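Note sheet for the following structure.
Chain IDs A, B, C and D follow the sequence of writing; residue 1 opens each chain.
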Amino acid sequence: MPILELTAVSKSFGALVVAENIGFSVEPGEALGVIGPNGAGKSTLFNLINGNLSVAGGTIRFDGRDVTHQLPMQRCLSGMGRTFQIPQPFERLTVYENILVAGAFGAQAKESEVADLCADILVETGMIAKANMPAGSLTLLERKRLELARALATQPKLLLLDEIAGGLTEGECRQLVATIKRVHQRGIAVIWIEHVLHALTAVVERILVLNFGRVIGIGDPETIMASSEVREIYLGMEV
Amino acid sequence: MSFIDTLLQGVLLGGLYALFAAGLSLVFGIMRLVNLTHGDLIVLAAFLILLIVSTFGLDPFLAAVIAAPLMFGIGWLLQYHLLNRTLGKDILPPLLVTFGLSIVIQNGLLEGFTADSRRISAGALETASVNFGGINAGVMPLVTFASAVLVIVALNQLIYRTALGRAFRATSDDVVTASLMGIRPNSIFAIATGLAMMIVTVAALYLGTRANFDPTAGPTRLIYAFEAVIIGGLGSLWGTLAGGIILGVAQTVGAAINPEWQILAGHIAFLLVLLLRPRGLFPRAVD
Amino acid sequence: MTTGFDTMTTEIEAPADWRVETRTKLSGIFAVVSLVAVVALAAAPFLVSRGVVQDLFFILTMLALAQNWNLLAGYAGLISVGQQLFVGCGAYALFGLVILAGLDPILAIPLAGLFAMIVAAPTAFFAFRLYGPYFAIGTWVIAEVGRLLFAQWKMLGGGTGTSLPREATKEMLGLSLLQDWFGMRSSAAADALAYWLALALAALTIGFVYKLLRSKQGLGLAAVRDNETAARALGVDARRLKTAIYLLTAFLTGIVGALIYLQKARISPDAAFSLTDWTAYVVFIVVIGGIGTIEGPILGVIVFFLLQNAFSSYGSWYLLALGALAIVTMLFAPRGLWGLISDRTGWELFPVRRLLKGGPHRQDDKGGPHG
Amino acid sequence: MRSLIETHGLTAFYGDFQAVFGVDIRLDAGETIAVIGANGAGKSTLMRSISGVIANRPEMILHRGEPIGALAAPDVVRRGIALVPEGRKLFPSLTVEENLQVGAYGRKVDGPWTLETIYGLFPILKERRRNPATALSGGQQQMVAIGRALMSNPDILLCDELSLGLAPVIIKDIYAAFSKIRATGAAIVIVEQDIAQALKVADRVYCMMEGRITLSGRPAELDRADIHAAYFGAETHELH
């Protein structure tokens, strides 16, 4: 049984169609990459999956249950963790408290039960030195790491990552890839939207290509990247 | 016949409430600012008219014509120098600043005019009435209602037919992009509040000539204005008129049953709308 | 893990001895100081005149109201200007229970709080349909409805109000004990009793708010305040939290209302549901002192009292100045007096920040044995 | 000859976060330049700085030699610099025609662009002039956004991500209008992720990565591999 299954999911804002008849599924423990040009509807797809946006049509099943009409909070509690493309830290809380919110509420535990786990996640995501800083003082890159750390603290079965590698240096990118790989190897399914292709292809088993709110291809990275159609629409140039 | 009479009185009273509300609606529509001082500014305008009438012995209608540009100036200054500084993502500063301002104006008026109830004399017009097939309607309520309709027609013309109106709507949609069109949002907001204060002057004219008022009468007018706006639905001026009428009718019907229930009946109508149609009766299509 | 990236992996060292701390040295000292202060305040009826005790009663009840409004507006983002509804409901419930049901006033106080909370439930249903600024005026309208409805209650004097029967307050629970033990006259004993209740209420409210903010729910509340979308996506039930805070502050505000009117012994709808007395002043206290902190309302109520003592004879000039002061504070020091102080000094008397200490990475950190 | 626009060591911040680090670019009269780069490279921040949405130090941006870095957006528009913002940002409460009219609100000068000439450039807009702007397709909305900026008859037109979310055939239409705009003598800055399109229309190209200019030159002088490296950083070989 897939961990996540979308069937004929649609959404539009006025005349602008942002999701059209989207259908795909993700197996437990699988890592799926999502690529597509700016404005292709990638973040919208995540908002539909996690419930920040309600679908206009179609169904979303998560972990064996129909979650199409569930609130984001409920989906989080049943094991869906996400990061936001534009980081949304709790600015007046410290970095550690940000993680604690996710650990205590998202994983439905007492603060004391997740205190150590949250500290470990800070180490794993390289944020431990900033643990007691207010999240509002973080740089953009640190905020992105905080997004990842918070999503991990909810102890998800499915992790939705929205462009967390952009702007990283080569070394930082490698660390990030290693972290995500470790998470993935613990059996957590991952859907990762990313422009930094070499980071993406180092982790994911399949890639889904989105354009104008439609799935125009899904398959193993080599096949997808070799497709001339993908290369043309994605890069806008023949590389 | 008495039921139709009550209904008519209610509709006409609704004209007054729509006048209270139109300025509030305009300001909220353009800058998402809820001005808790709105009622007190109506009372301030009433005192201003009273002052002009008593000092120069003018007719109240003429006095209102003089007061209107003064109120525009007050509104412009208030918005440009004080309220614009409070606008932003956080709703707390505008609420608390206008709340504080409301107390300041009330107590300023108390110092200036004492706590006595006042009334602006409109002479023979006050008691004049016309008869429609057996139903009497006071001339003042009729004039009030006509003024409300006129104000709303004029505002709609301004908003939908002029360059300034386009700037209003553009700024309301998106402040940053509006500024890329050369629109100065702070000036637009100040002009909008100035206009709202001119409407407030019209409302004050009828408030002052039809009933007694005193420096603490503002908050109740704010509540009526607010109820009319919410009943009608945010962002629609005709909705605001409808909201005023519903409020007026509810109050007169309530009063007809038991004089003590007048205001309560209005509040209950408001709560019912909130219960059944939380976005009001005529909400704007988007947002 | 067999790809080339592994060589770059950050090693996760076994994290030994993580500690989470919120207390600071200063807050420890302050806890002792405040305990001493509470004891000293408790002794006030034996040390100072009745007039001073009555002043202190006023300060403490305003402080309790301010802490409640601060919790509501400063932490839960629910900017209500209708808290007079709960003061009025609590007060009227007390009068109703004492006059109509013959209950002892002391027993009636908690029931009055309960009544205010019961009223708050349908109120929340309506008011929560309004967003942001409209919520504010919505709560005000509902408070008006409350005032008008209680004005219809003829058995409690309708629009003109009524008084508590003298016998009821004279035979209040515990009063005879005070008279016996301390040889107080009955009016002084009644004042002292009300004062002690106010002191306990203010102290408990502060203690409770502090405990709440340090709890998991408090953490969730802070998260919702900072970013509601993110909080919901991380599993925080924002709506339930806000509703709970709304009901809870209604309960406490109702109790304060009952206590205030037990002391006043005379009630009318216009006084008990007064926007100025029970919301405007409270808002000014919180804003001037510093919204969103526990220290702010404490500081604010002291400033408020001093100003009132010095200038209240100027009547409306005083109120005008108070409003202007609140405006100036909001514009130029939006975090209030306490914000100015803590910015300069870094003081936190009620620290809620969870600091992560210990662990292998933090060995070299300063902080000594106490971290 | 003095340039129309010059930036000198331009830095830009969002709060504490620095998005642009010491960028120097130049735009000469009648020229079209393109700024390319991946998501988050700082291209839009650069546009927002020049157009006055983000405040900078005055001397960081010169317009005809005068410092304009600290001017607010309405004052920048009055100097004849108009922005087509990323994501089009049409006013949903306004009709197509009103959106165009509002473009001339702050700067009413005689020039090649009037409602009529803009309808000439994009005839479809005339048919749909009474529609709310949001009822249009993405491509048509982009035409409105361009037309709206042109209504102030700017000497300098800044275009941020014109092809964002548009189908290739529509992108072609949009860029076809560009030759007509250039023919009026306006200087143009385009920001693009679509490298091929940018190379086709620009006289000179700047490539940005992580808030810095990593490459610049005339399209013919630039090597594909260099662009690729400047655009994505290293390690793009895994793509091939």
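The rule is simple: a residue touches a chain if its C-beta (ideal position, glycine included) is under 8 Å from a C-beta of that chain, and two chains touch if they have at least 3 such contacts.
Bear in mind that the values here come from a model prediction, so they are computed numbers and not experimental data.
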{"item": "Any chain in contact with chain C as well as chain D", "value": "A, B"}
{"item": "Longest centre-to-centre distance from chain D, chain (CA-based)", "value": "C"}
{"item": "Centre-to-centre distance between chain D and chain B (centres being mean Cα positions), rounded to whole Å", "value": "44"}
{"item": "Inter-chain centre distance, chain A versus chain C - centres from mean C-alpha coordinates, in Å", "value": "41"}
{"item": "Euclidean distance of C-alpha centroids - chain B vs chain C, Å", "value": "35"}
{"item": "Centroid spacing, where centroids are CA-atom means, of chain A and chain B in whole angstrom", "value": "49"}
{"item": "Touching two or more other chains - residues of chain B", "value": "none"}
{"item": "Multi-chain contact residues (two or more partners), chain C", "value": "none"}
{"item": "Multi-partner residues of chain D (each touching 2 or more other chains)", "value": "134"}
{"item": "Chain-level touch network, classified as line, ring, star, complete or other", "value": "ring"}
{"item": "Interchain pairs in contact, sorted by label", "value": "A-C, A-D, B-C, B-D"}
{"item": "Chain D-touching residues of chain A, taken from the complex the two chains share", "value": "14-16, 37-40, 137, 139-140, 163, 166-167, 170, 195-198, 201-202, 212, 225, 232-233, 235-239"}
{"item": "Touching residues on chain C, where the partner in the complex is chain A", "value": "1, 3, 5-6, 8-10, 12-13, 15, 18, 20, 216, 219-220, 222-223, 225-227, 229-238, 353-356, 359, 361"}
{"item": "Complex contacts: residues of chain B adjacent to chain D", "value": "163, 166-167, 169-170, 172-174, 176-184, 286"}
{"item": "Contact footprint of chain B on chain C as seen in their complex", "value": "73, 79, 81, 126, 129-130, 132-134, 136-138, 140-142, 144-145, 148-149, 151-152, 275-276, 280, 283-284, 287, 291, 315-317, 319-320, 322-324, 326-327, 330-331, 334"}
{"item": "Touching residues (chain side chain A, partner chain C) in the complex", "value": "50, 52, 71-73, 76-77, 82, 84, 88-94, 96-98, 100-102, 104-108, 110-112, 115-116, 119-120, 122-124, 126, 128-129, 131-132, 150, 154, 171, 174-175, 177-179, 181-182, 185, 202"}
